[in-house]
Structure formats: C-alpha cells, structure tokens
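The structure's right below; bear with me while I get my questions together.
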Amino acid sequence: MQQLIDEIFLSVFDDTPLQSQLKEDQAQLPLAEFTAHGDRLAFTTDSFVVTPLIFPCGDIGKLAVCGTVNDLAVGGAKPLYLSAGFIIEEGIEFKLLESIVSSMAKTAQQAGVRIVTGDTKVVERGMADQLFINTSGVGVIPSRIQVKVSAAQPGDKILVNGFIGDHGAAVMLARENLGLYSDLRSDCAPLSLLIHPLLAQCPQIRCMRDATRGGLGVVLNEIAKASQVTIELFEPELPIRPQTQAICEILGLEPLFLANEGMAAFVVPAQQVEQALQLMQSHPLGQQAKVVGQVTETSQGMVYLSTAYGGKRMLETPYGVQLPRIC
Amino acid sequence: MQQLIDEIFLSVFDDTPLQSQLKEDQAQLPLAEFTAHGDRLAFTTDSFVVTPLIFPCGDIGKLAVCGTVNDLAVGGAKPLYLSAGFIIEEGIEFKLLESIVSSMAKTAQQAGVRIVTGDTKVVERGMADQLFINTSGVGVIPSRIQVKVSAAQPGDKILVNGFIGDHGAAVMLARENLGLYSDLRSDCAPLSLLIHPLLAQCPQIRCMRDATRGGLGVVLNEIAKASQVTIELFEPELPIRPQTQAICEILGLEPLFLANEGMAAFVVPAQQVEQALQLMQSHPLGQQAKVVGQVTETSQGMVYLSTAYGGKRMLETPYGVQLPRIC
Amino acid sequence: MMLTSVFRDSSQVTKQVKLIQTVADPLADKWGRPLQIMEVCGGHTHAIFKFGLDQLIPKSIEFIHGPGCPVCVLPIEAIDQAVTIAEQSDVIFTSFGDPLRVPGSKKSLLKAKAQGADIQVLYSPLDAIALAKNNPDKQVVFFAIGFDTTMPSIAFSLLTAAQQGINNLRFLCHHIRLMPTLMALLAGEKVQLDGFVGPGHVSMVIGAHAYQPIAKRYRKPLVIAGFEPVDFLQALYQLILQLAQGRCEIENAYARVVTAEGNLSAQQAISTVFDDGVDSQWRGLGVVPGSSVKIKECYQAFDARQLLNNTVLSQSSVEIKDPGYCNAVLMGKLKPDQCPLFRKQCTPENPKGALMVSGEGACAAYYYYKGT
Amino acid sequence: MMLTSVFRDSSQVTKQVKLIQTVADPLADKWGRPLQIMEVCGGHTHAIFKFGLDQLIPKSIEFIHGPGCPVCVLPIEAIDQAVTIAEQSDVIFTSFGDPLRVPGSKKSLLKAKAQGADIQVLYSPLDAIALAKNNPDKQVVFFAIGFDTTMPSIAFSLLTAAQQGINNLRFLCHHIRLMPTLMALLAGEKVQLDGFVGPGHVSMVIGAHAYQPIAKRYRKPLVIAGFEPVDFLQALYQLILQLAQGRCEIENAYARVVTAEGNLSAQQAISTVFDDGVDSQWRGLGVVPGSSVKIKECYQAFDARQLLNNTVLSQSSVEIKDPGYCNAVLMGKLKPDQCPLFRKQCTPENPKGALMVSGEGACAAYYYYKGT
Amino acid sequence: MCLGIPAKIIAITDLANSLALAETAGVQRQVSVAMLTLKGKTIESLVGEWVLLHVGFAMALINQEEADRALDLLAQMDPDSQ
Amino acid sequence: MCLGIPAKIIAITDLANSLALAETAGVQRQVSVAMLTLKGKTIESLVGEWVLLHVGFAMALINQEEADRALDLLAQMDPDSQ
C-alpha cells in the first residue's frame, strides 16, 4: 500500500521539486526568495475532511490547495510553498487517490505555489473517512501591506467577490440523502490570483477573510468583534444565486452561514472602494463583486442586516451547524 | 462541540502567541528572526495517527511536536514555529483532548518552539480514530550547515544517540491484544535540544535522520541509496534494551525496523567522531550514544550487518509493516 | 421563484405598512391600548423578524407569539423515546433536522449520534421508505413530528409501506394538531388577544372553514396568511380592518394555496392512519385535551413505540420542568426578552425552555434577530 | 535472557566452526563432494542467515533448506477459506500474524482486512477464548496453522472452550505434521542428503524418539538442535561426526528442552481433539499422505469449516500452480538464488512460490539476508 | 412552522406511484403528487403546474387566478386615498 | 519454525485454570502451564522455574542440569587438540 501511494505522489508531483525534496525530511528554501518580496513570513494550516471527496466543480485536493492559498492570500501574503499531509483509509481506490492528487498538482500550478514537502499515513479500514488532507503553507507579506482582522473602521465598505453560499449548498446536495439536485457548483478557487493584483493597486485594504466554515455571517462577526465595530449588511445587495436561495428556502437554511471556498469578505476604506470594485469585477474571480455592506460605528462588535423594507435584523453566529428543517 | 474545543485550545495555549494569532487566518512572523540565524527556511509536515493516543511516556500530542521538531532538526535547522491541525472524532472525551493539547504545549515549550497557527475539524463518529494531529514546522538553517541525506561518504561513521526500537515496541504492546506487558517506554523527545549544540561543535556532520517509521534499518537504507554508498552496521554494538530484544524474540520481529521517536542516525566524518560522541553522551538525550557502523564504500546503496561471529547479512527494507509471528 | 418575488416587493410592503398604520393607530388610541394580535405560526414569527417587519409595524400593534412550533413544544419524553430507539444497534433512526438539537432528559439526538447511534437527517418520509428497502436487515424508524401540515405525508408514507409489504419501517409519532391547541388556549381565557393571523400551511390541509369555531364560539377574527412579507401584511391589514369595523370572521388572505375545505385527500390519509383526539402533554403548554393522534390498531406494526416494549423511561428522569416564564411568554404576558433567563441561562446552545429550543421558537427568534 | 546469551557466545562459535571444519573438510575431500545437510526447520534456515553462519561454515558443507515452514506450504485453498469466513459480517477472524500476507486465489487476509473484514492478530489461541467471551454476539474464528509444536495449544484451547460451554469460537485448522512430511520426502528418494539437523521445538512435543524411523528405515543420521548459534553448530558438529564415524543415529543436542518421549500431555491433547493421518496437499510439496489432521466428529461444533457450508470455492480459482522451481529448491536441486524468478518476478511483496511467502521461507531468507 | 415552497412540476417520473419531478429555481427533486386534489384532471396534466411542496409532497395546486386576484387587490389599495 | 522463548515463571495467577505469569527480560505475559509434565511436582512449585514458551503455552520445563552439561561439553571441546 505505502509503496503504491508513494508512486502515485511521485508520478503526479514530478514537475515540482517534491521529488528531490521528498528524499529529505524537510524542504530547504532560500530565505532570499522571501526577503525579496517582503518582511514577514505568513504561515497557516488547515485540514480538509470534506464528504464527498469529489463534488461539483471540485474535489478535496483542489480544496486543500485553495484553502491554504486563500488563508495566506487574505493575510496579504504572496503564497509560495505548501506542505501536504495525507491520511488515507486503507482500501481507498487508487484511481480516486490519483485523480485527487493530480487535481492538487494542477491547482497548485494554477495558483503559482509549489508543494515541497509531504507526508502520507495509511490507517486501518474504518479508522478514517477515505481521505483527509492537511495543507500548510508559507508565503511572504510585502512590507507595505498591513491587513489584519482588527483593522476595520467606521466608514469602510464591505465587499465580496462573488456569490454567497454556493460551495456549502453544492456540497450539502452532494453529501446528504436529501434527494435534491441542481447544477450548482462549488466556487472553490485560489483567491491569491485575485488578491495579488488587487493589493498592488489598493494596498490600504483593511482586511480580508475567506468566508469558509460558518460562511460570510461568521466571518463578518469575527471582523466586527476583532475590530470592535458594527457592520451593516445590505440584504438586497447580497449576491445569491437563485439555486442557492431555493435550496435554503426548501431546507430552512441561511445562505449567509453556508461555506464558501472562493469568496472572501474585503473591508475597504471608502476612498478605494470604486477602484477595488472595478479591479475585482474585471478579474475572472471577481465578476460578481459587490459592495454588500459597511462599517457603521465602533461598538462591542456586531453585525446586522438592513432588509429591503427598511427593517434591521441582527446576524448572530449560530450555535452548531445548520440542519435541514421543516419548520 | 466546536466551541468547547476552541476553549480547550485557547486555555492550553494561552502563554503562546496562538491566542492573538488564532484571530487571523495565518501567523505573521518577522523574516528578520529567520535571516538572523541563517539563509534557508526549513519546512516540513507530518500527520500523526498513533493508536493508542496515550502510550507509556508519551501521547500523540508530544509525538506530534517532537516529530516535526525532529524533522527540522535533522535538516540542521533551528526549529522556530509549528502549526497544529486537529481532526477530532465527534464524541471524544474532553479530558483526553485537554491532556493531549496540554502535552503539546508543554513539549513545544521544552523544545523552544511556538505553535502559532492551528485548525480543528470535527468529523462524525466512526469517521476517524478519535484524534489525528498534523503538525507542520518552519525553522532556519545556518549558512555554514549543509547536511543532506546524499552526503554520506566512505570512511564516515554511523552514530545513534540512544536505544533502538523502544517506541515501536512500547506502542505495539500498548496497542495490540498481545497480552504482553513491560516497563518499556517510548523514547519520544525533541532532538533539536541535542542536535543544536552538537552542530555548533561539529558542523561537518554529513547527515542526520530521525529513525521513525521503518526504524533505523529503513533510514540507513535511505541514506545509503541517496548517497550511493554501502553502510556496515556492527550488530554487537547496536544498543537494544533487553525488553525490546525480548519482545522482538517473542513476536519474531526485527528491532532495526521498529519505529523510534527520539533516536536518530548521524553520519559523521571520522575525524569528528570522538568529539561528536562525547558531546552526545554528555547530553541527556544522548547518554546511550554509540558508534554503530560505518560507510565502507561507494555502491548502488546497501546496508549490511556484521554479526558477532564475523558473518554478514544484508539489511533489506522489508515489505510492509512487521506482523507478530509464530514461526 | 416567479410566484415568490412579487410577494416580496418592497414598495408594496411600504404601502401596506402605511395602510395598517392608518387603521391601527386610531383604533388603539380609541381602545387606550395596543391591539393584541397572535400570529399562531412559528413561520410567521420567523418571517416578522427575518424581514424586519417588527420594526415597520406600528407600535399600536403588539404581537403575541403563538404556540406554533411543533419542535418547541415536543415533550422531553418524546426525545427520550427517540434516543432510546436510535441507540438500538439494529436501528437506522431518521428524522427531519429540527428535533436533533432538542435536549432530552439525558441527551439530545445529536449527542446520541455523536456517541455512535446511526441517525440520519432526511428531507422527506418518502426517503425513509427507500432507506428501509435498501437496508432489509435494519429497522428504519422515522421520527414523525409536526402539525396538521406534516401528518398527511407521514400517513401516506405509512400506507405506502403497508401496501408494498415493507416490514422494517416504523414511525415514532409525536404530532400536534392545531385546532385543539388553539381551542384550549382560548378556553383557558388567560390570553388577552384581539385576533389571529392564521397559519398558511396548516390551513392548506385543514381548510379555512375549520377555523369557524374561533369566530363563532370565541368571537375572535382570524385571517389566514402566507409567509411572504406582502402575504403577511395583507392578512394583518384585513385583520385590523375587521377589528376596526367590529367584524369577527374567518378570512383567507392566502387563497392561491388555501381553500375553504382544505386538502381532502390529505385529511383522509390522516383519518385512515390515525386515531384522533388523544390528550397530550406538551412542553410549555401542559396537557392539551385532544391535541394529538395515535396510529390505529390495524397499523400497529408500523408504530415505533413497539420498539420501546421493555423500556420504562424513568418518570423521575422526565420530570424536568419548564421554567414558568415560557408559559407567560406563550400567553402574551411576557416578551421573550423580558424573561429573566433570556440570553443569560437560556440560549440556543443551552435552552432552558421550549421557546428557545428550535429556530422557530419565539425566544430563539428574538435571540438571533433582535440583538442585545 | 540468562539462558540464551551463553548460547550466543562468539568465542564459542569460533571454536565450533573450527571443529566442524576439521571434521567436514577431510570427509568431503574423501567423498569428492560437499556434505549435504538438510536443516528441516525454517527457524534454523533463518538462524543460519540471521547470524551469518552461512559464511562461517566451511564450503565442504552444503545446506538443503527443508520444508519446515507451515506458512510457506499453506495451500491457496486454505487462504481462500480463511478469507471467505473472515468476510462474513458476524465473524471476528483471528490469526497469528504469519499467514496474513499469504496470497489466496483472490486476495490475502491482509487485503480482506483492508477491505473491511474484522481480522485481528493474536499471539495466543488463549486470547481467542477471551475474545469469544467478550463478544457473545459474534462468531470468533481462529486460524490454526503450524506444525506439531502449535497443535497442542490449539487442541487445548478447543478443549477449554468446550469445557466452558463457549459456543461462538471455532478453529479453521490447517496443521501439518512433521514426521509424515519427512517420511514422504525420504520415500520420494529425489533428495540427495547425508543427514538432518532436527527441529528443536517440534521435538519438544513429539520427543527425540519419534525420529527413529529416519535412522532405522532410511539410514540417515539426525541431530536435534536448538536455535541459538552455539546450539545449531553443536548439532551440526555432532552430525558431521556421525558421518565421519559412519554412524547413523538420532541424537539430541537440545536436551535442556527436548526429552526422548516429548511432551505427553501435549501429545494427548492432540489425539483427544484431532483425527490423525489425513492426506493433504501442500504448496510446493504436493499431496503428502497422512500429513494433516482434522477435528474429531465430537468436536465438530468447533470446526470453522461449518461456516463454509454453502460456499463452494471454485476449483478453477484455486488452480494456481507453483512454478516448478520451488520443488527443485525444496529437493536441494536449486539454491533459491539460482531460481530464475528469484528477486525478479518473485519477491516478498509479490511471491510467486511457497518459499518466498513467509519470512521463514528459504527464498525469503535469501532475499532479505543475502543481498544482490 | 411548516416550511412550504412553490415548485413547478416538470415531469411525471412514476405514474403508477404518482411521483413527479418538481423544480424551484433550478433545484429539482422527486415528489409525490398523490395527495393533490386534481378535480377531474389527469396526473399527466400536472406538468407545467405550480404546486406547494412540503416534506416531499405536493400539498396544494397553486391557484394562479387567486394569485392574480390578490395582486390586483394590492395594486388597487392606496394608503393615501384612505 | 515455531518460535519458542525461555521465560521464568514468576507467579501462579489462576491455579484452577493453570495460568501463570511468565517473564523474559522484563516482559511479562499470562501463560498456560497446563501442558507441562510436572512429574509429581505441584503447580505452585513452578514459580522460579524456566520454561520454553510457544504461543502462550509453556511447552517444556528447561532442564538446568542438561543446560550445564551441554555447556561443560562445549568448554571441554578444543579444536586445536583434535
């Protein structure tokens, strides 16, 4: 088993330096490459446990690369290198593994990052759910970039680069026995491709965060609390695909709490909003970009929605995951 | 569940920068700290899937820190920062989780590394084996240090810093229904504490490798193949505890292929062997250090043992994991 | 959703709010108190807050949030039964997502699932039939909760299983019927209210005509409403108009879906499968006479209670009392955020009372939508 | 291990090697060929290579590696039976670690485990009894392989289960008896050999006296040896001495463990549980008359073959032939590394023949210890 | 309570068991139409009709005339003329 | 074939079922001594004796006299005097 797995990984990564690096217990990367681009190292990790492994327009491999690339990118970093740790359930189909690993390699290439160190562990049948992937990533943050989650200020606008909730809805339909079908696809994408040129033009962006687990609602609550501000969302402005909306109405879910994998929240000072919006909309990953809210005032940190009718409602972080409901 | 878990992690890591870093999607680390110590970034990852989670003298948390610290250290790097990714099976006992996480924190402190970014995922009951931990690590390699697995040369000596196979034997007894008991303990330890002062005195060390999965036998085969040399091991010199030896004889196992978590192979040029050996033996993690072999000649890469009786036998990498046997 | 969007039109909403105010304000003035309107249905409670209607509707109208959430009122005993069955090793326990978080005396279904019970969330009882067919060596149990709206689907699925000779599917029924619950509320006379916004989807099954006793015996007007803002406001407007004009009628402002007689096939499915008029104890409501149903003798093979045969659920363990506040909220005497436990001891994560249990509960709606 | 270390003493070994050479070299000279010695036991094959004795022993002695590995000779059908039983959903299949990697016609037990079968490695059949007690709703099956050494433990465990009324433990027995196997080998007269190093641990059970027919009928000397280097060399020396002196006797160079009569209780356990003298087909050996046993009629309840009732293992699927080379190696006509498949098509990962299957097999020993 | 959603019947998938494919904004599911009051219509004629779905069952045909009437009524209402 | 290992009986753990604790170099396991030929000795008297273990059963008492005899024999052998 281990040998077959090693072969898969070597064959798929063979145009990256992984082959030679794999002989060592660690990748050795010239620091000059980092210092040439900035003054801080960004370092992040995520484990990916998605079911099913393959879903509309993506798979766990693509997700694992995008997720970590995005966590680097939203910190203002240029993502450079990834690690990949695989936990494999004994008996997984090799074809499946191969296609996932090659999807990782392809996504990494697209995102301009290199997978330079890795690990595989095989566990007994029944001890894992087919495949878990951990990716960690390092990148470099240019000196002039200072984005952080606590930097939102009253007057700033909230932008998103795309539709809300597509990934969560698509995966829920692929996973659960709900009998629902749609052409909805995951939005999974490496956001560094969008963020890199954006930051070059709009370095004053206050903060960014990819709206993964918990969705836009949770991410904005985190920003509001870290920055001690109130965020207002304009409900009619939220870009939600009709299919996602329909799934949410059928199952009684809130799209703002569905996961996204290629959509982030951007907190942008008012004077750069126009420019940022134009830049985003002219990029393939930002065509649906919109201003969806604003920072209204300093506070303990809260998020509310202004409804189409002039009412407001709070957007509290929900307790636990959303379950489909009938009432 | 998620909330309880977050509380555990925050409470345990609260004397590290994780608390504030956790608010961000990535740790941001001054590159100056790296360039002050060297010219290359070392980057590594490992997932830990050990069963049982707690074993004599260690647990998966300690293991996860030591494993990655050691993979950095054997590259000549000063380990600086770790990430920690947890995959948690729903329903795990919180007390257990708490003790494991606090063991990680304690080990990190001992090893002088800081856990600066993390991730937790909870999977449904039956979808994981209680707990898996991935750690990735970054460190910096001083300019003058050039260890690599392909650097072994004829005339070099092979040293180990401790007993062989204790971790593998102790974990096997704790895991399997074999009915065997002993006071054997895992050797799990952060080797950077030993390697750092050693490299300062003996910077010409050719290469080092922690003898984890596959044990010393596999590690030496890797070195022999990467360096294209023949390695001779002196069988009577191998430091093996009587308990480990007994377990191997009872179960028909080869101690050279049992895992170690605080023992590494060191390839040292002949003229530095005395100094290296003394340094190691004067360190708590190297008291049992020994010269156990030598590099004899260039070749396709092979390892053999010289027996006590003047015979030789090859040490081939075995196929698959070792199973207890009766004949 | 062509049919939905027009009923969410914001200029329409603005107009309707203005109309309501024009009628309600003078009336409240005249009466010297706000008009007390009960929206029976948790779906309406939800809509009021979700669309922010609570902030648009004039202060001259006060909502009393009715008992219309079948999850909130689910007794602890029902959850204990469900957990007991779900934990049997040959059972696949299926349920709508709603009841999974509701605490039982020992644990919730979600906790039982975390501990290894095979519990699956389904969208439809039809899917439980398929599951039973695909797992012939398992007992599939469907946790059947809900008001009159949901009962026909359960009844129909049971009949389908019977017809197809499926013998490994059972239903654990804890249905609550709307009319007996409303009648008990009115009979208690503890609630000061002027009229009802009637539930759209229950009405689709039972028909508008079913509400006549409310108008006739208790002299309260009721207008059936859909769940879009324009639907709800239209019904509210018609209700206020009745009050202003001194009328007391059952009106139907959701006629595209609800008829006078309701869905006769659905009603028949219910009466084929269930015996009517079972007294039942509900969380926050106490014993409500005739408010529940039970599976008829001839369909006993499909009753999951059979799997409880030898299990005596200890009485002491189910004696967890609601704090008195919930009842006061249900009777309109307290607003959720006036309850001293609200957002302190009582949260969605750790609900102390019925109304915080489900997202449809009035206290949960306040918690999520109204802020601190 | 006080008792072990003295038998590993290297100065002793040096002395013994010298003694052996002193006797063997002139004898081989005289005969014009090397002395052909069969070490019957895989454990001795292993010891020869592990301790590097092959390089110490004079060229005047050639070893023929005997059939003494019960895993290597296990027929494909045995693995197929094991897999078939292990894959039954209510079975916990237990086994020593040895047979797990042996390929069946479709898969090995390790592969079946990877595909979800509950297969556990045990050190002792005693532990299978405990497992059966702790899992009353499962069938526990123990895969019983091994020579005469292991049979008493299996028989005793079966009797214990019977005594304790355990009815969910069964044994899948594929035992091979040493003496019939040796007799068949000698009867075939295909093997050119001068004498035997006898297996220490089989002898501990059957007793030194059991070998008399070898000396009497076939005129071959045999010396029983322990497994430490000093033990083995001592036996070899005694054997060579017999040859030099023209003697042909059964000698016991492992008297601290082996007696003349063997372990009588163990022999009795075997004869209580098993019927003797069953013909059996072994991988690499073909049919060996009387070489196996089967569970007696009165203990049929403990025979795991009952679980194969309706399973016909397709004959075609078990018709995987060994390459002829294995037999040639077993008969001393080929050294393992002279087989054209050795280390090419035939490796421990993908064994083509019996002798590469287990770590005890002669070809596997060459593979791991002799290098390229 | 009782989430209901309008959906369009786009195909009959199993006539014998009264199963149909329903669609809402690009989201499809197989539903039962067995409990619809068809008033003499055939099940086949449901294709193209809007229904109100609850837990996988079509519980009502949506009456387009009534919908139009309601919208007309709304259009005529004028708060300023009251 | 047939791995066997010497171990010392250090305690009788279950007299009725002839189970004992055996130890080899600090490694312990419960074993059955039911098949040992005791030649009139009691099971209790096994404590302190060395046995040869195979798959959890003591299959032979190790005869210290025979071991000594073998070692004596070896000591006397001298290749140079042959």
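Observations on the model:
For reference, chains read A, B, C, D, E and F in written order, and residue numbers begin at 1 within each chain.
In this section, a residue touches a chain if its C-beta (ideal position, glycine included) is under 8 Å from a C-beta of that chain, and two chains touch if they have at least 3 such contacts.
Since the model is a prediction, treat every value here as computed from it, not as a measurement.
Separation of chain E from chain F in touch steps, taking the shortest path, is 3. Chains that touch both chain C and chain D are the following: A, B.
In terms of the distance between Cα centroids, chain D is separated most widely from E. Averaging C-alpha coordinates per chain and comparing to chain F, the farthest chain turns out to be E. For the pair chain A and chain F, the distance between mean C-alpha positions equals 65 Å.
Chain C and chain E have CA centres that are 22 Å apart. Distance between chain A and chain E, defined via averaged C-alpha coordinates, is recorded as 38 Å. Taken residue by residue, chain A touches two or more other chains at 1, 124, 126, 178-180, 242, 245-246, 249-250, 252, 319-320, 325-327, whereas all remaining positions touch fewer. In chain D, 1, 42-43, 69-70, 96, 123-124, 126-127, 146-147, 150, 349, 360 are the positions where the chain touches two or more neighbouring chains simultaneously. Among the residues of chain F, those touching two or more other chains are numbered 1-3, 5, 24-25, 29-30, 54-56.
You'll find the chains touch as A-B, A-C, A-D, A-E, B-C, B-D, B-F, C-E, D-F.
By the touch criterion given at the top, residues 1, 3-4, 6, 12, 15-16, 18-19, 22-23, 41-43, 68-70, 96, 123-127, 146-147, 149-150, 152-153, 156, 160, 199-202, 204-205, 227, 230, 234, 253, 255-259, 263-266, 269, 360 of chain C touch chain E in their complex.
Put simply, chain A touches chain C in their complex at residues 176-180, 236, 242, 245-246, 249-252, 302, 304-314, 316, 318-320, 323-327. Across the interface of their complex, chain C is touched by residues 1-6, 17, 24-25, 29-32, 34-37, 50, 52, 54-57, 59-60, 62-64, 66-67, 69-71, 73-74, 77-80, 82 of chain E.
Listing the residues of chain B that touch chain F in their complex gives 178-184, 242-243, 245-247, 249-252, 325-327.
By the touch rule above, chain C contacts chain A in their complex via residues 1, 8, 10, 13-14, 17, 42-43, 49-56, 69-71, 96-98, 100-101, 110, 120-124, 126-127, 131, 146, 150, 229, 347-349, 358-360, 367-372.
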